[in-house]
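The same chain A turns up in both complexes below, where it pairs with chain B and then with chain C.
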Partner chain A sequence: MKKHHNNPDSCTACTVCIANCPVTAATRKFRGPKMVGPTLERMRLSQDDIEPSLEYCSNCKNCDMSCPSGVPISTLNMLARAKYFKNRKRSLRDWILSHGEKMAKLSAATPGMANFGMKMSRGILKKIGISDKAPLPAYASKSFSKLFKNLKQTSYPDKVVFYPGCFINYNDPQVGMDFVAVMQANKLEVIVEEGFVCCGSPLVVNGFLDEAEENAKQNVQILKKWTDKGYPIITCCTSCGLMLKQEYQELFHIEGVAEYAKHLYDADEFLLDLHDQGRLNTNFGTLNEKYMYHAPCHLRAQGMGLPGVELLALIPGLDVQDADAGCCGISGNYGFKDDKYDISMEIGSGLFKTIKESGRDTVVSECGTCRLQIGHGANVKTLHPLTLVRKSYEAYHK
Partner chain B sequence: MQKTTVVVIGGGATGVGILRDLCMRGVDAILLEQQDLAYGTSSRYHGLLHSGGRYAVKDAEAGKECIEENTILRKIGRHCVEQTEGFFARTHLDDEAFEGKWVEACAKVGIPTIPISVEEALRLEPNLSPKIKSVYRVPDAAIDGFRMVWQNVASARKYGGRVLTYTTVVGIEHSNNQVVGIKVRNTLTGEVSNIACDFIVSAAGSWAGEIAALAGINVNVQPDRGTLIAFNHRITSRIVNRLRPASDGDIFVPHGSITILGTTSASVNKPDDTVPNAKEVVELLNIGEALFEDIRSYRMLRAFAGTRPLYSADPNATGRGASRGFVTLDHAHDGLKGFVSVVGGKFTTYRLMAEKVTDLVCGYLNVKTPCRTAVENLVEDTSPALMAKARLYFPAYGAELAASRLGSEGLEKVIARIQEKPEKRQLLCECENVTMAEVEEAAADSTSYMISDVRRKTRMGMGTCQGAFCTFRSVGAVDANGLSWGKDTNVLFKEFLQGRWKGIRPILWGNVMREMELTRGIYEGTLNINGAIDNEGI
Partner chain C sequence: MREYDIVVIGGGLAGLMAAAAATKRGKKVTLLSLGSGTLTIGGGIVDVMGYLEGGIPAATPNAGLLQVGAEHPYKKIGRPAIEESIRFFKEICEQEGYSYIGNLDKTQWIPTAAGTLKPTCLVPRTMDTTELKKADKVTVLGFDALKDFYPSLIAKNFKKIPAFAQKEYEVVMIDPKLSEGRDVTALDVARWLDTEEGLASCIEKMRNVIDSGSVVIIPPILGTRPNYAVKEKLEKALGCHFVETASVPPSITGLRLRTMLVRYLKNNGVRIVEQAIVAKSIVEDGKCVAVITEGVDRERTYYAKSFILANGGFYGGGLLAEPGKVIEPIFNLPVEAPTDHELWANYSLFSSEAQPFAKLGLDVDEKMRPLDANGKVLLNNVFVAGRNLRGYDFSFEKSGNGVAIASGYQAAMSV
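And now, the complex of A and B:
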């Protein structure tokens, strides 16, 4: 039925979303998802005003997950934010944080210099509103797409399309390389399409909705092209996956999303599906290691359970414990902002405590920014689950 | 014994209009209302300030009166009128030949109609059915019945007007064929008393027949019941009328956060036959679908019904066949001097009706002061400085609404409450954005005796959750403030929840059902309201 504006009618004002909102729990500056989302949506349709606490929504989607009526609460907030910024100037801070892809391309020529410059300029970044304490990611010396181009894959008849996303491409390409290795171990050839652009998640949260829509249109066209040919699409970043699969449908009116979304998988989910079909390479070498696991909010929002935990349980010797301690607080670039840093750390404090008390020194999680925040907040090492899968495959052959 | 010159019966639009007009001309007057102000038809309608387009073809005189009064009210009543403008849209089901007649009739009485393309109409109102055939813009506006009545009273009070609510008329006192007083009963205390007066004006609407009967005079008012639906959000930002001869389910009116669809029309025997039923709701949805095809996906808040006071000298005329014009009956012709009934008419022309009646009364009283209700604003604009101050204390989307409900004086008082206790800034009614401070201020007003009285002044409880959360909060607030009428909290709970239930029962499916189960869980489960009420109660 959704036509031209989001319909707030399903909300019964039950307040379950408030009880499950990590931001509301951390600060009274946020009036809570029900109020800022569906309740004020009724007001926004009738008059113009500014709700100052709208900026505190982190789009973590715990409200959407907890809503018994299926209201896309956080999306109502993001749309309201976009409306708010329609005729207002955006801060340089928000521009920088939303345009990681552009920033990365600018720095790509000399990532070493860029990283050096960034370290030197944390004071300057602080001045524009980026916390000098936040765990900003460094640029990798070589992007995933560069590494991938130089990689010689074995060709197989079965192929998958990989959507790397900005974080893997520019900051953490090793995850992408691990992904390719795991696919190859399963006799699958990986295709990376050059035309993919940023999924738009960092743009949406800062109100750059029009730009996000442009990106969405481009990605949708490419994704649709490949799924029409029968290829599955795979992501290793849960926020990219959520955006491509679900948020595009809530935010925009682009034809074809619902069709390709059925063939879009999280990497762990995809491997588990292979296992269910008896096609997974289960030549796992023993890893006598202990890890904590953190489920990113944007993974949980996809309603697919915890495929990473199930997948890692197949590896002999491996002991992975689910922290089950809620949101880490970073929510993409939320925790990078100077005025949100403390809130972000407060949100993550429960998780950090659980991790520290476990005595385990490494945390496994699918989300790149969750890993940054956990490394920062709990002072531990972090890994993507696929890194362990690759390690286990390699251990088998040793 | 209280004394006054004129007693006005009926706290609806016409009555408060007359009270204001009399007081502005220096005539001492008391208004009596059997329930709360705007309890009757003046709040049980769609809240449309007609451009006159609806009447132009069939009743040119009514159409002309509407456009003239519409123009006046948009000016003097800008704090209860929302200048939304309106569309007349012809659907694929409607007779094309009527369109030409309608345009011509509107032009004749001076109602501006601007044709726009269907494409443009859909751009402006995206939820409209793309199947509509043609659209015209007209100067319709939305008018809030509660606020309009309150603002008239506030203005009358400034000129010395007095208002007695929950006061019902039990007798008309006369001597030598001349009115000398009125006998009234306070419906809350049962106390009966007399008010001495020279003149009685009955503006009792659908109840006008019953009032006249107290003096042995026959006034043939046929109550005509109209049922309406309130939707949870603004599905249109303009009024949308169906471009066809006036019929049921033709009008959608956006009001603040909601949209109202109306109405049905059916003759009834009793003026207070206002319990809506599911059959009427389904009929309205079926008709409304032609203008808004997704109508069934929009959540309804409640259904409500009111009775139009149709008057005819011909006792056989009913429904939309009866005239919507108004008539002033001077009962001197029936042998009783000092008694006038005003019957028929429409909300849009209330001021004009009041002016005519007041002219008549002033003629008898030999008062020569001219009418000024068309030129003096109902309430003064809130100063920019006060508005700026209000924005510091009210939550987002709350300051403007509160200012229009409260007026400057009330706004100052509510701000003072928040200044004294900042926690009073919190919302008691989240759906309609009403602060605890405003609820307390409304509860303390001399015309508040139950939570519904507070609701009518504030809109508390009229949004999405229909009292699920604000009932216990407001009962708590009344109890904590030690108000004289708030001693028996079980009675307060029951009165308010039953009032909400009346409008929810005929729409009890889908999300409304889910909402109601939540409400039932809170009040029957957690708070055990029914268990606490005396067994002799219901």
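And now, the complex of A and C:
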């Protein structure tokens, strides 16, 4: 099967994507992936065709995953969205949601004030189209890059490069710190490059494709530089991972992506690979705890199964049950939008129900925004798998 | 290195059944799938053998099995294994709360959305025609704005079928109020009935147009989940019998079946890897050691003791057609085909003969291991199942899901 060919004619109109699209299931306003993606793409190739329901695609990738003919349906939608916005004015709402990194940098001086301000201004945000019910993430008091700079690592000859991504950097830095601790426990030194910028995922979904491409160019150059030196690159965020390795190839024509993608790993998969090579530190302390697990769509789309589940299975005593209840609905910043909030909660309702019925009070998932949505929708605590791996290593030494 | 007992390549019905049978035998199974198979396109019912050569209906599936040629997968598998596989399939359905009715000794002629009858073997209980056959009066119920289901066409065409010509037909419509937004498909109506409010509202609307005791032909809309809750609630509330027709994609009955089988596999510890593009294999001394996926990022190697190749035919990508030759891309197994590819097709429309291209595929022994042109086993631990097998045209003879179940089962039992 040829990869990254965006030819809509490979679509046989079999309708499997419609049956698997969570947005289609949640709202009748969306005409569905087949129609909005490949069917209309044939029209768009010859003329400016506007499909209003295109805005409903959340880029969750379930259509791509179900397609028997390898059509990157969601990417066709994102390209069409970019084309649509080429000569149109963007809303302030979409600009804010797409530029989380810029917003975070502005707030970085005084995150406490920014959080306070954000709480006070939910009414204002609502006015510009951001739902006042949505689980907007708070800024951490110290960003990951600050915490990391103050951390004294043990130096080892084997090194890995960490791509933290905006969410870990500004909102959930503890995941990054847990990652570093787990690498250190495996006699690996972590390098964090200051030059990395937002992967572009939030930009792409709102049609800011040119800006996303600028970001991509910068990231590609740095990623390539490190992999050329023989260092693996690791992400803990599945949407960043998918963007850097796959969507860059589908959306842009930048040299070098295919080369570094060979050495770009999801953290869980990287540890499992170490295990396969007999190099994983398996001094796991027993954790007699029970968790639910949620597989992010952007992990499932990467064709490597569920490495988090396999990794956590190595920890003695740990009982992790895969919720297996589909998309959580958030899709990056989709569920933050006032007009998409209800759809997003409807999409996640099956997952929330499964979690609540399990009686387990904490859900493990790799994706930061999935964790926000699950915490909000199912009223539970959430964790990244690596937090448990670190905890298990620490339990061993107690 | 992680090694599994069995790696199944392909997540269609053949692959799902192979994984189910293997896990039942206590094997550790990884299933590599790409896309969600063709079950959601058309596969909620199990055809075993509908038509013989010349387009003659088989008296029963069992009788049809006796009349297939030497090349046919059924011939390789043999009747005892076919019977066991059907029993095993029905056992899973029963266990999962979505039982299928039918057996090999009887052809079930089921109504289609075009108002014709098609032969099949196993159907979900939503397609049970027992009451339909007995009824003197039949109601055909349609939904406003629903495409691909026209009740008056069904009633008109049924009048032309001898067994149904004497019945009286009444056509009624209800409005599910789904016209806002996109075109309405059976999937939309089924999802409406998945919800409590939708079901209650539907019962209310149906009560106005259907009399208690009616036999009602409907599109496949009795919920999207693999159970009979919607059917039972509707029938209890209205005192009617509902019969779903076979219809166009997306197939609701196929969606239910796939959901059920995937759930069964996961509950039984099968590891499923989605988006796995299996591109090549590592073979040493006539044995496959591993298969390799080509991700967008890098290759990944899956080691196992045995492999089941169930990745489909030309449509699924298990076989590739090139001018004058057919390629099996993962193991490069031989596929015998006329070098003049003009001979691959039967050009006469509505012909009573099968399509030659549909019969192209892999030759196997009775254990489903691939053979070379001289009948020698090529790979000892590779077993083939489903649409990539040689010697049958599922579309012509109505045997697709039957071959998938029987060959998937046989492959898993031969490991």
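Methods note: the second predicted complex is superposed on the first by the 392 of 398 C-alpha atoms of A that agree within 3 Å, B and C clash if a C-alpha of one lies under 4 Å from a C-alpha of the other, contacts with A are read in each partner's own complex, and residues count from 1 in each chain.
By definition in this document, a contact is a pair of C-beta atoms (placed from the backbone, for glycine too) under 8 Å apart; a residue touches a chain by one contact, two chains touch by 3 or more.
The shown structure was predicted, so the numbers you read here are calculated from the model rather than taken from an experiment.
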{"item": "Which superposed partner A:69 touches (first chain B, second chain C, both, neither)", "value": "both"}
{"item": "Superposition-derived comparison: chain B or chain C, residues of chain A touched", "value": "C"}
{"item": "Which superposed partner A:102 touches (first chain B, second chain C, both, neither)", "value": "neither"}
{"item": "Contacts of A:322 with chain B and chain C, given as first, second, both or neither", "value": "second"}
{"item": "Chain B versus chain C as contact partner of A:90, first or second or both or neither", "value": "neither"}
{"item": "Touched partner set for A:35, first chain B, second chain C, both or neither", "value": "both"}
{"item": "First (chain B), second (chain C), both or neither touched by A:14", "value": "both"}
{"item": "Which of chain B and chain C A:127 touches, first, second, both or neither", "value": "neither"}
{"item": "Touched partner set for A:302, first chain B, second chain C, both or neither", "value": "second"}
{"item": "Residues on chain A lying within both footprints (that of chain B and that of chain C)", "value": "1, 3-4, 12, 14-15, 31, 35, 69"}
{"item": "Contact set on chain C toward chain A in their complex", "value": "1-2, 30, 34-38, 40-41, 178, 180-183, 185, 187-188, 191, 249-250, 255, 263, 266, 271-277, 279, 293-298, 300, 312, 315-317"}
{"item": "Chain A contact footprint on chain B (complex, rising order)", "value": "126-127, 232-234, 237, 254, 256-258, 294, 297-299, 395-397, 400-401, 427, 430-431, 433, 463-465, 468-469, 511, 514-515, 518"}
{"item": "Partner chain C, residues of chain A touching it in the complex", "value": "1, 3-4, 12, 14-16, 18-20, 25, 27-32, 35, 53, 64-70, 245-246, 249, 261-264, 272, 276, 300-306, 310, 322, 324"}
{"item": "For the chain A and chain B complex, residues of the former touching the latter", "value": "1, 3-5, 7-15, 31, 34-35, 38-47, 49-52, 69"}
